[in-house]
Amino acid sequence: MEKFAWLIPALPLIGFLFSIFFGKKVSKTVVASVASIFVLIPFILTVAIFIPFISVAEAEAIRIPLLEWINIGKLTVNYSIQLDQLSLMMMLVITGVGFLIHVYSAGYMHDDDGFHRFFAYLNLFIFFMLVLVMGSNFLMLFIGWEGVGLCSYLLIGFWYKNMDYNKAANKAFIMNRIGDLGLLLGIFLIYLRFSSFEYSRIAYEAIDIAIGDPIITTITILLFIGAIGKSAQLPLFTWLPDAMAGPTPVSALIHAATMVTAGVYLIIRTNILFTLAPFTQEIIMFVGLATALFAATIGLKQNDIKKVLAYSTVSQLGYMFFALGLGAYTAAYFHLFTHAFFKALLFLGSGSVIHAMSGEQDLRKMGGLKKALPITHATFLIGTIAIAGLPPLAGFFSKDQILASAFAHHPVLWIMGVLGALMTAFYMFRLYYLAFHGSFRGTHEQEHHLHESPKTMTFPLVILAVMSVIAGFVNVPEVLGGGHWLDNFFTPLLAGTTLILEENVHAHLSHTVEYILMGSSVLAVLAVIFYARIRYKNNGHVPAEDSEPMSFLERLLSKKYYVDELYDSIVSNPVVKGAGLLYNYIEVNFIDRIVNGVGQLVVLSSRTARFMQTGNVGFYIFAMVIGALVILAANTFLH
Amino acid sequence: MENITQFTGALTINHYLFLSSVLFSIGVMGVLLRRNFIIIFMCVELMLNAVNILLAAFSRYNGNQSGQVFVFFIMVVAAAEVAVGLAILVMIFRNIRTTDINALKNLKW
Amino acid sequence: MNGSTSEYLPMLIQSVFALGFVAMVLIITHLIGPSRKSAKKLENFECGVEAKGNARLPFSVKYFLTAILFVLFDVEVIFFYPWATNFKEFGMDGLLSMALFVALFLLGFLYLRKKQAFKWE
Amino acid sequence: MTTLIFLSLLGFLVLFIGAFDYKKLILPTVIIGLIVAFFLNAMDWELTATSFYGMIDYNHYAVSFTGLMIVSVLLLMLVASYHFRNEGSHIADIYALMIFTLIGGLLMTSFSNLVMLFIGIEILSIALYILAGSRRLNIASNEASLKYFLMGAFASGFLLFGITLIFGVTNSFNLAEISDFVADTEELPTLFSTGVMLILIGFAFKIGAVPFHFWTPDVYQGAPTFITAFMATVVKTAGIAAFYRLFDSCFSGIDGTWFKILWIICVATILLGNITAVMQNESKRMLAWSSVSHAGYLLIPILALNELSSSAIFYYSAAYSIASITAFAVLIGLSKFQNDLPLDQYKGLAKNNPIMTTALVVSMFSLAGIPPLAGFFGKYFVFLTAMQSGLIYVVVIAIIGSLIGIYYYFKPLIYAFNNEGGSLEKIETNFAFNFVLMAGIVLSLLLGIFPDILRNLPG
């Protein structure tokens, strides 16, 4: 089966070419089916490779060289595929979720002029993403990395007629390039240190390196900078919420399930280097935790349904990095895996809602959609429970594993992690109740128009909902009677790390402690959900319009819900205010300013430099002579 | 005649170097300070001829004839350059009726 | 001052005299000559045919073209010089090379003729 | 070596065909002639001896670069058939001058004697002065010609003075002898390093490196678009090839002053080129600044000067030439002979002109250095070369420069895909023109996917 592995990335590429060249000439149905099938076949192929692979314990990675690519004396780089535990798991997610999103898009984008263009880009994206995860060396990773960035740029700016969307696209692109600078330098340094780009070679040689080696630390920091850009971590995360300008399936596929997790993939792929650099790991841990909490607080206050999900994505990515920083690579991947399902589900669900609402994204204009959209409602609820981390849905297991690792590291980290989880549960249920319960708050026309989405859209929702329920069972912890399947499966991948640390990477807590941790976090989450329910369902609380800030405080007071009042004034309000503060001051004023400032600096210097070009030959010659004199003087005096 | 050779023999290569550097610099200054195309052009020629003197001197000093042959090449190239330069001048003069190099500055920024 | 350079003393003296004379005449005429300033004085030609119009008249490109062509062909003659001084050593090869060189010139000449560069009208 | 003679004869032939007014014959002669020249050139691959009494050393390096230049000229000639479709009889002269320029370029890549270097540069430059001003009645073209000529002649003076000083010190024009002299001499006189500096200045001018770049934007903008394409590709390639050949064979052993100066020149060129291009609104001017920045990237391997340098320069030149030719071809297709080409000229191109749009996208991406196109690997190999010699700061700055570059390379694309206010009509093209566009697209992709095709050529 492996000999057909090259087909996996090749087919989406063919699909891309087909849509680009013939997309206009054939009907939309044909475009959508071709594009979807060219993702479905790779999925089937991946499964066909995957099944024999899991049946062997600690299977060796399969490397399939395709073409010789670069050959300079001692350096040979091939186009070659590496099939191992990590790449196969990634491929399953990419092709599986990718296929569902293709199907979904067929319904969602049905009335769009750029239908064939959209599918072309989607296919191209799948191609590059597969290249990214399937390559056996850093160069292929880099090509995929740049390629997905490009597709993301194209898809964010898909509705290019809107200038704001173009700006969002540019912002994403530029921020990603900052990260890419780090990645590229990291790759160059790797080459200098190891004289190779092959993962296997690097892993082989890295085992002998002492922990804390300065070059390795530098490399890992540079790689991490690359990951920060791609995976939207502090301080380069602001592009991701803006990236929601793209069509919703894009948000689901690229900005939730796959591309943004490339940073996580990169670090797991090079886990041995990161294990050798404890300093970098500390940084990653703090950056991840900070991002998780920071984004979660901002999420509390957002009223745009996609913005909430976007900040939630940033926050969940923060969790993954938190886990990576703790050295819990499997936990990070596990969360990536489950998150891909439930976040894609939530995005697609929100797309279904937006579709039904004729493009309305403001939560304050929704409400009571439960009746009109039964399937969307049910699946969305599953997604919400999954992300909130209630057992036995997927999010519970993965989040629990991260939290357990955190506790093993330091209890304070656990508390912070739980805090983030609580906020997640709150804003997600807030979103859920605001959208699906209460009375409808939109216009009459919208209400009249409300309808359940077509089958092409609900089918992926159902599949993803099922996955969100069961995905967690790939790694049920021992304490709950599971067998840590994923941990065992990943053992060969983390062999180097294990060897270096000479102990098992995942946490060892006593069963009692684990029960207590699990129980307390679940209870806390339940409490928060209950609070959200009272606040947004029973009391029908609706966030204030932007035009009347803080007036809701007075309204609340008049309603005399003492608990609410108490909570609002002591806990909720400061948090909400703080969230607003973070958003308005730190993000808008500070981070955005820095990014924009760099751009403005370039523009300004460009303007200035332009005027050196006076058009006057006399001046040019004068400048030349000065230049020549300076050079000659330097030559004489620099000796 | 003998004495003349002796006299020139007393000049070291540094004298020639100095002479041609000065001539070259005069040429550079001329290009820098003048605005008339033709005069600038003559200054460029002066630069080339300064080089020619130096080449001939080096050639003699090193006892290597190739320097002198190079002078011939430079002269021919300079003549070609003159032809092209003057053609450009005529072309421009016909269009804008001036030989001031700074008159043409539409291409800028 | 040794013997060899002393022989050049007369030359130096003569040069000084020559330069001195020129300078002197220029200065003296400036000092003692009557100086009248009038419009007539500023004209290009004080006598003869009255000058009219702008001196920067469009001149006939034909003069220019001919002159340039002359310079181009003339300069190439330089290359005959090293050949001529070593005529015997180069022998037949040299002669053939020169013939090729001249033939290329002839081609250039023919091109110019064909382009009617030599036609005056 | 036969290529040189053949091309000279071809030049004459074209002149005479023009003079005798056989208009229909001109283009076929040029095309066939260039193809023959390409094969003649390829046949010299095995040639190892020097020719013309040791004046020329036609090694692999020279053959590769000559091949690249011939292909570039060939593609440009095909574009020319579209560009000059309505033009009068002096096309033959333009073609002939381009062939003479090519001869100059050939000498510049294959010289083994400084005299040949100088003559090559002058043959190339003098023909270019005329080409830049080839639209006699257009003031912008006049201005370009004047500026290029004045500054070019001026810069030649410096180059020549440098060559003379080197001759004075080493008593030779021959590269091998100079190299031996450098190797044998303990302490080189200041005169020698001054000569090297003056030559450096001359070259910096030719390739348009800061602070001798001032002519580039003005001349590129003023010259006819087609000639601009020629200058941006063939001339730049020849300049950089000669630069590397000289510095690699003669001056690699001398002390570090020139290195420090070249370091500053290189970094300044990359930054200034990219930064200034950001605010340009005229297509040719933007491409001119971009070409300044590319000159900077091309200087990096000369700075690094290790065993990877020559292949990096060659690959980069090839990638850059192909992308530039494609970009300029699109521009020529868009411009209807007018000189001013604002960027919004691209507006609405995408809808009705798929080939041109694809070509534009590919060329801009390649120039910006986005994988997997040739331009990316060009940059990549250049950076790799630099890393090999430990020039980490240069690489960082160069990467920052290319990040800025992305901004302006995307501008035409944003315009092209913007249909507000109507889209462009379908632009009428001919077969040769489309062929060039397709060739540009295919080559950019092919070189990107299989970079090894060209990499190991110069050896």
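To keep things simple, chains are lettered A, B, C and D as they appear, and every chain counts its residues starting from 1.
Simple rule for what comes next: contacts are C-beta pairs under 8 Å (C-beta built on N, C-alpha and C of every residue); 3 or more make two chains touch, one makes a residue touch a chain.
In this text the structure is predicted, and so the values were computed from the model without any measurement.
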Innermost chain by mean C-alpha position: D
B-C compared against A-B, more contacting pairs: B-C
Whole-Å separation of chain centres (CA-atom averages), chain B against chain C: 15
Centroid spacing, where centroids are CA-atom means, of chain A and chain B in whole angstrom: 66
Between chain C and chain D, centroid-to-centroid distance (C-alpha), Å: 39
Centre-to-centre distance between chain D and chain B (centres being mean Cα positions), rounded to whole Å: 28
Contacts with two or more other chains, residues of chain B listed in rising order: 28, 31, 69, 80, 87, 101, 104-108
Overlap residues in chain A, where contacts from two or more other chains coincide: 610, 613, 615, 617, 621
All pairs of touching chains, each written as two labels joined by a dash: A-B, A-D, B-C, B-D, C-D
Residue numbers on chain D that touch chain A, as the complex places them: 146-147, 150-151, 154-155, 158, 190, 193-194, 197-198, 200-201, 205, 211-212, 214-215, 217-218, 255, 257-258, 260-261, 272, 275-280, 307-308, 311, 370-372, 376, 383-384, 387, 395-396, 399-400, 403-404, 406-407, 410, 414, 417-420, 450-452, 455-456
Of all residues in chain C, those that touch chain B in their complex: 4-5, 7-8, 56, 58, 61, 64, 68, 71-72, 75-76, 78-79, 81-82
Contacting residues of chain A [partner chain B, same complex]: 610-611, 613-618, 621-622, 625
Partner chain B, residues of chain D touching it in the complex: 115, 118-119, 122, 126, 129-130, 133, 136-137, 139-140, 142-147, 149-150, 153-154, 156-157, 160-161, 164-165, 167-168, 171-173, 191, 217-219, 221-222
Chain C-touching residues of chain B, taken from the complex the two chains share: 3, 6-7, 69, 72, 75-76, 79-80, 82-83, 86-87, 90, 94, 97
